[in-house]
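First comes the structure, then the notes that go with it.
By letter and in written order, the chains are A, B, C and D; residue numbering begins at 1 in each of them.
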Amino acid sequence: MITRPKPSAKAPDTKIYERRESGVRSYSRAMPRQFNKAQGVWMHDNEGGRYLDFLSGCSSLNYGHNHPVLKQALVDYIAGDGVTHALDLHTDAKAEFLSELENVILKPRGLNYRAMFTGPTGTNAVEAAIKLARKVTGREMVVAFTNGFHGMTLGALACTGNAGKRGGAGVPLSHVSHEPFDGYYGPDVDTADLLEQRLADPSSGLDAPAAFLVETVQGEGGLNAASPEWLRKIAALAKKHGALLIVDDIQAGCGRTGGFFSFEDMGFTPDIVTLAKSLSGMGLPFALTLLRPELDVWSPGEHNGTFRGNNHAFVTATAALRTFWADPAFARDVTRRGALLERRLEDMAKRFDLSTRGRGMMRGINVGSGDVAAKITGICFKEGLIIETSGAHDEIVKVLAPLVIEDATLELGLDILENAVAETIAPVDASDSTGRQTSRKLGIAA
Amino acid sequence: MITRPKPSAKAPDTKIYERRESGVRSYSRAMPRQFNKAQGVWMHDNEGGRYLDFLSGCSSLNYGHNHPVLKQALVDYIAGDGVTHALDLHTDAKAEFLSELENVILKPRGLNYRAMFTGPTGTNAVEAAIKLARKVTGREMVVAFTNGFHGMTLGALACTGNAGKRGGAGVPLSHVSHEPFDGYYGPDVDTADLLEQRLADPSSGLDAPAAFLVETVQGEGGLNAASPEWLRKIAALAKKHGALLIVDDIQAGCGRTGGFFSFEDMGFTPDIVTLAKSLSGMGLPFALTLLRPELDVWSPGEHNGTFRGNNHAFVTATAALRTFWADPAFARDVTRRGALLERRLEDMAKRFDLSTRGRGMMRGINVGSGDVAAKITGICFKEGLIIETSGAHDEIVKVLAPLVIEDATLELGLDILENAVAETIAPVDASDSTGRQTSRKLGIAA
Amino acid sequence: MITRPKPSAKAPDTKIYERRESGVRSYSRAMPRQFNKAQGVWMHDNEGGRYLDFLSGCSSLNYGHNHPVLKQALVDYIAGDGVTHALDLHTDAKAEFLSELENVILKPRGLNYRAMFTGPTGTNAVEAAIKLARKVTGREMVVAFTNGFHGMTLGALACTGNAGKRGGAGVPLSHVSHEPFDGYYGPDVDTADLLEQRLADPSSGLDAPAAFLVETVQGEGGLNAASPEWLRKIAALAKKHGALLIVDDIQAGCGRTGGFFSFEDMGFTPDIVTLAKSLSGMGLPFALTLLRPELDVWSPGEHNGTFRGNNHAFVTATAALRTFWADPAFARDVTRRGALLERRLEDMAKRFDLSTRGRGMMRGINVGSGDVAAKITGICFKEGLIIETSGAHDEIVKVLAPLVIEDATLELGLDILENAVAETIAPVDASDSTGRQTSRKLGIAA
Amino acid sequence: MITRPKPSAKAPDTKIYERRESGVRSYSRAMPRQFNKAQGVWMHDNEGGRYLDFLSGCSSLNYGHNHPVLKQALVDYIAGDGVTHALDLHTDAKAEFLSELENVILKPRGLNYRAMFTGPTGTNAVEAAIKLARKVTGREMVVAFTNGFHGMTLGALACTGNAGKRGGAGVPLSHVSHEPFDGYYGPDVDTADLLEQRLADPSSGLDAPAAFLVETVQGEGGLNAASPEWLRKIAALAKKHGALLIVDDIQAGCGRTGGFFSFEDMGFTPDIVTLAKSLSGMGLPFALTLLRPELDVWSPGEHNGTFRGNNHAFVTATAALRTFWADPAFARDVTRRGALLERRLEDMAKRFDLSTRGRGMMRGINVGSGDVAAKITGICFKEGLIIETSGAHDEIVKVLAPLVIEDATLELGLDILENAVAETIAPVDASDSTGRQTSRKLGIAA
């Protein structure tokens, strides 16, 4: 039986943050609680509140908080004085991770990649990917896409579309052209064709690209999901023009859209793939850049990073691969649950005349403006649901529930969301509003 | 009684690395063993070998491997389902870390900084620092220094001197001027004066700088230690010319030179300080950018990163602050041990007509070339001592022993090093060589 | 009566060029003659050959070669020891030019510009324009357009679309976004709307622009003529987004499209206009950047150039303004003659199933490929007609006859062109080919 | 007999300039007269004033204004309908210029260069030079020097030291490192050695350079003359490090320092030389980039410019080569006159405790500040002497008299200058001041 969230009424003393934490902090502003424990889909604060987590560390907690198998593996490792930090020295933990990656992920998918441990953040993985693409091709320009998000260090930030993030650079962001993503100009314009025309035109001003850097579903940029057709065209374009195809699978990968990679079964193979977020399975910092062996032209140490050998993360990542990816059951379950989520969001969209976005368990609903979205997520939080927004104007309420969530709990959270939407936006059919809200409320066990 | 290292003779099967790990790996090439456990100053491989660690994760393991107090704190935290990953939400672990930072580090030193959690790698901390400096000043150019090392993402890499690392960028690295570090042109040229002349000259071509980014001791660049006088001049220059002073204390901080910060008691206060490496105390990914409150002009989320809230690291960092920095005993001990290290290296230098570098427990010996240094470290490794090189030509053999090392163990490692030098370089006084080697050898307990 | 061209059969000794002139020379390769005299629409070589000039110095000789009035003014000036070079000191010649510019050009058109003497080349004028736009707005990014050509110095080259020209830079060309020109994606896509969408989207990755830099007719880029509607939209977009509108009228201005400026009567006023090519009227180096007085924020000497005070050019430019622009007859005549040119090219296009481009006396015919175009212009040259190509693939044969050409001479040249096309491309109606060629040939007086 | 200058008291009506000329104008502010005629060393204004010209168009008028031989050649050429503008088509005028360049300049000096006609401004010549160096070497970074001035378009401006000029760019100026010029750190520091150390150090942060761009005497930067030893070292350094040596001889070339090139007889040969200013001999816009034939890797048209074929300038340049450089008399005379100038300036320096700068007929006196210099040049102008300043702070009063000036006229001008200095600065020996001033005054014929 599902118990509903119990948010705490009392906010914690935040003086230490005001005094000592930079004002750059953001999520803690809309969710002013101090958390102490977390298990599965639930977070707990230090006033006894309990919250259902539909944010999942922005998709870093696909298997939920502190998954018991992963947790046990990590505790055992630490207790046994397993190597914690080892730069890029070989360790048992690394060897096991690489073997599991090979056996559980690469081989069954017919993929042949090498793993580059880049420093344990997504932005490092992206920096390594574009450095490599530039090195391999001898070209400088990278094609990124509108609404793309790839990180906050200077190389990755140049590939990021968001003006607010870009403005933080303090220097012009160069060597990147931002091209329209799939559907950017509406359903009637094929933006891959537009790009092709400019690439083929020696007078377009678009320099020959080193790489195309693309997310199959844009996590921060509004949950825009590219169609397989468009992605195949982009892959073919890259090949035709001597550019590498980099899929940034940091948010959409690790099962979020169903498969381990978000591009599985789409009929193309990226040259380079970046992974991070849920890679460690437990939220530990870990990032990878996967690359075709022929592209592995790095000199030893040409790219490095102190924490590239985060063995704790190797341990939990290995456990996660074994637990969730050794057989296809998990992926099937995510796909099925993603369909449930889709159905619920489509219903909501119909009811309130809105539209939905996304793919798999990475979906959202466009509520028209950031203000409306903030109102909705604010109501949700008061009801004990942690949920956030996405998109150029923060106008998409996004559902990033843990992939391991029970269907009933997912429905519970979606009920809270739907009620919050109903409190904020009038439904299309006025007669309907109270009825549905009530019925839903009744469905929730106390 | 100190037992000497017992390196294993048998190298592990490395096929998985060759097949699946990028050729960018480096340390594992010179030290082809597979490690599995580590405790204190010792690392163990999976063939039963035991190694004394004079590399310490490039200064990321100042308190040794898996320090029992830190380890216990972490295991307890995990076992109790403490929040692992929380973006920048408030957590008990973060609040405790901030409080401890305030009480144990900042207040006693009369420092007033805010902490920015930047993403848990040093390069992210540097990127945040220079972004902020550019944002605050409205200027673009950053002054970095010859032989400086600041990271591998594009913004930090532009500040890094090493041509090999820079070459990996694939694009020109801009908006940075690399100025001569203290002593770069020999003892008779004050490079701060040279810099001042160019800054004061409106026709020098040196644009007004947003920041000076400096290491007090250049960890990767050859263990060059800047004098307090020079650093004070640089600090004054920055102030005079409206630039911010950023001390990159990623390698030299956290006790490596004695104090928690490497610039303590030098008579100047940086505007921004970056920390990483040993900050978590246990080698977990964690980085901070400390900034004067008046500089905290960030908009919420203007810089962010998925793993900026690595709560495991908060827990171990808090434990480390409590364990090592709550009273001055540790710092005093490091200083004393640093003097021992200095004495031994000076003796070696005298014996072999070499020169030494560095400060505190961050010292090295210049053996003239990378080839000679590689020979020496190779011999050391065969004797069970993990030790690496530094400098523009890898010509400095650097000693980065854990700060908690026993004096006798430190001497043991230095004996191994000295013997390796003696095997490689003829001593100044030929008669001396065998004698000393032998006596040293006798001093080592089996 | 019009006499036809008499090209010389004998090529000159070119050893001095091979020995001493850089291989960067281009036009002289396709037209290997050595010219010595030129008058009106005719050029003469040193073997007695005579050529009809449909290139006109790429629109630098709109009034023909050595126009007698301009020539006399210049000879008188030189003979009287008029100041030749004066940096930016005041001279009678400059004052007279400014007065004439004000009275003949600006006032009658209700325009209020200041003239900036930028150094006497088009690229200098463009550099000054974009520098000013960046200075005024505090922004760095300039929107230029596909197939745009703006010059070869680094700032202007970054705004130029052509890959061959761009490749000469040797550094990445930054701070410019090349957006699709009017009609770039075919008649059904309004590229101004596409641009508007991206400018309005804070996550598009398109930074806020300092300026839009646009040619109304793209001289080098294929004689693409923007529609007044599109230009008005672009002007409105610039205003809305705080960017300056720079019209690069270097090739299309000075009467080439009918009016003195190419944007007259279109319902918008640029913030900045660049002029060069035919500005001096006689082919002397002279360039101007016209700017709205409110934008004139330059410090004295902040942009300069040794030859910005080319007084010979002031003299001939003044004479040209007086001769051609003091009453509307000339403009009317150019417009009328442009219609004749249009008619003839449209006929040709119909006959050979081709398409035309351009506006006013700046028109061309798309013959499908650079190879075909080169064949055609080669035949023309053998017949005594100097004519060149344009476009991304050099596939447009462009007619840039002097504006002062007699109608009959224009027809003569067009006959030569049409015959050359007919020799190269089969007409749509096969029966027609010989007939027309013959009749045309008969029409030419010997 | 020398007649002294007669400046006019009445300033002209300047309303047209205020209304229609950009505020970027500079020289006309300190010299608010309107000039109309100029002959030899004299300029005349439209109020009957006559001025001795010690500015010479910043060295663009080395042979004086409107030299009769050059003037006659030009008038004849124009009168005969010689080709004025011909893009890069071959013309008699170009062939003659190339032949004369070969016979009079290159062959006697044993130099083997090709001439690239780059567009007729110095900045275009510099842009072409650095583009070529980057293209040839595949490197991006250019070493320029403190106080260097190379032009105002973006590529050349990045090589220019002056902060005021640089600030006009509105974008960061990249891909250039500004290194200390000869003597920058005083007589005891060899800046070539400093540079060598950094170039040889793979961790200095100085990227491998495409070129060194250097003036032998820095015209705008304060008339700093590099020693032959230093220049030879720089030439050797360039060679050693695979960089091209570009001598920017735009101001110091064409006889200003005695020889046609400023680097003659110094024991090294630049790879590339830029020329402009006095190249046409009459102040007409003309610039050249000379390059070693092996470096001539340009594709046809890869760099171009509408006015690269300024045939009027070819005509006067050819006449100038014939008149002044066919035998060594002129160079000898300039050298002799330069010595006279040196003597006079040294005397002045001694008398007023100042220092001198420069070489040949390109010399100045450092009067300590821009304010003092402006006072002095202001007094000079009132006395009918046109003279300007140079240097980072405009603190150098520079003498750029025409090279053809009679000794007595040179002395006359220097007397005016000395008196102006004396009015402004107290002499070292107080008793001396009136005496010398008087005697000098008596020496001037009325």
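Miscellaneous remarks
Here is the rule we use: a contact is a pair of C-beta atoms (placed from the backbone, for glycine too) under 8 Å apart; a residue touches a chain by one contact, two chains touch by 3 or more.
Composition by chain, UniProt nomenclature: A, B, C, D = Diaminobutyrate--2-oxoglutarate transaminase.
Since we're looking at a predicted model, the values are computed, not measured.
If you compare B-D with B-C, the chain pair joined by more contacting C-beta pairs is B-D. Of all chains, the one whose mean C-alpha position sits at the greatest distance from that of subunit A is D. Note: centroid distance subunit A to subunit B, computed from Cα atoms, is 32 Å. Distance between subunit B and subunit D, defined via averaged C-alpha coordinates, is recorded as 51 Å. A separation of 60 Å divides the Cα centre of subunit B from that of subunit C.
Among all residues of subunit D, those that touch two or more other chains are 140, 164, 171-172, 174-175. Against subunit C, in their complex, subunit D makes its touches with residues 12, 14, 16-17, 19-29, 31-39, 43, 46, 55, 57-58, 60-61, 65-66, 71, 74-75, 78-95, 98-99, 101-102, 106, 113-117, 119-124, 127-128, 130-131, 133-135, 140, 151-156, 158, 164-165, 167-171, 174-175, 210, 250, 276-277, 282-285, 289, 291, 296-307, 310, 312. The touching residues of subunit C, counted against subunit B in their complex, run 171-172. Residues 140-141, 144-148, 160-164, 166, 172-178, 180, 184-185, 189, 194, 197-198, 201-208, 221-222, 391-393 of subunit C are the ones touching subunit A in the complex.
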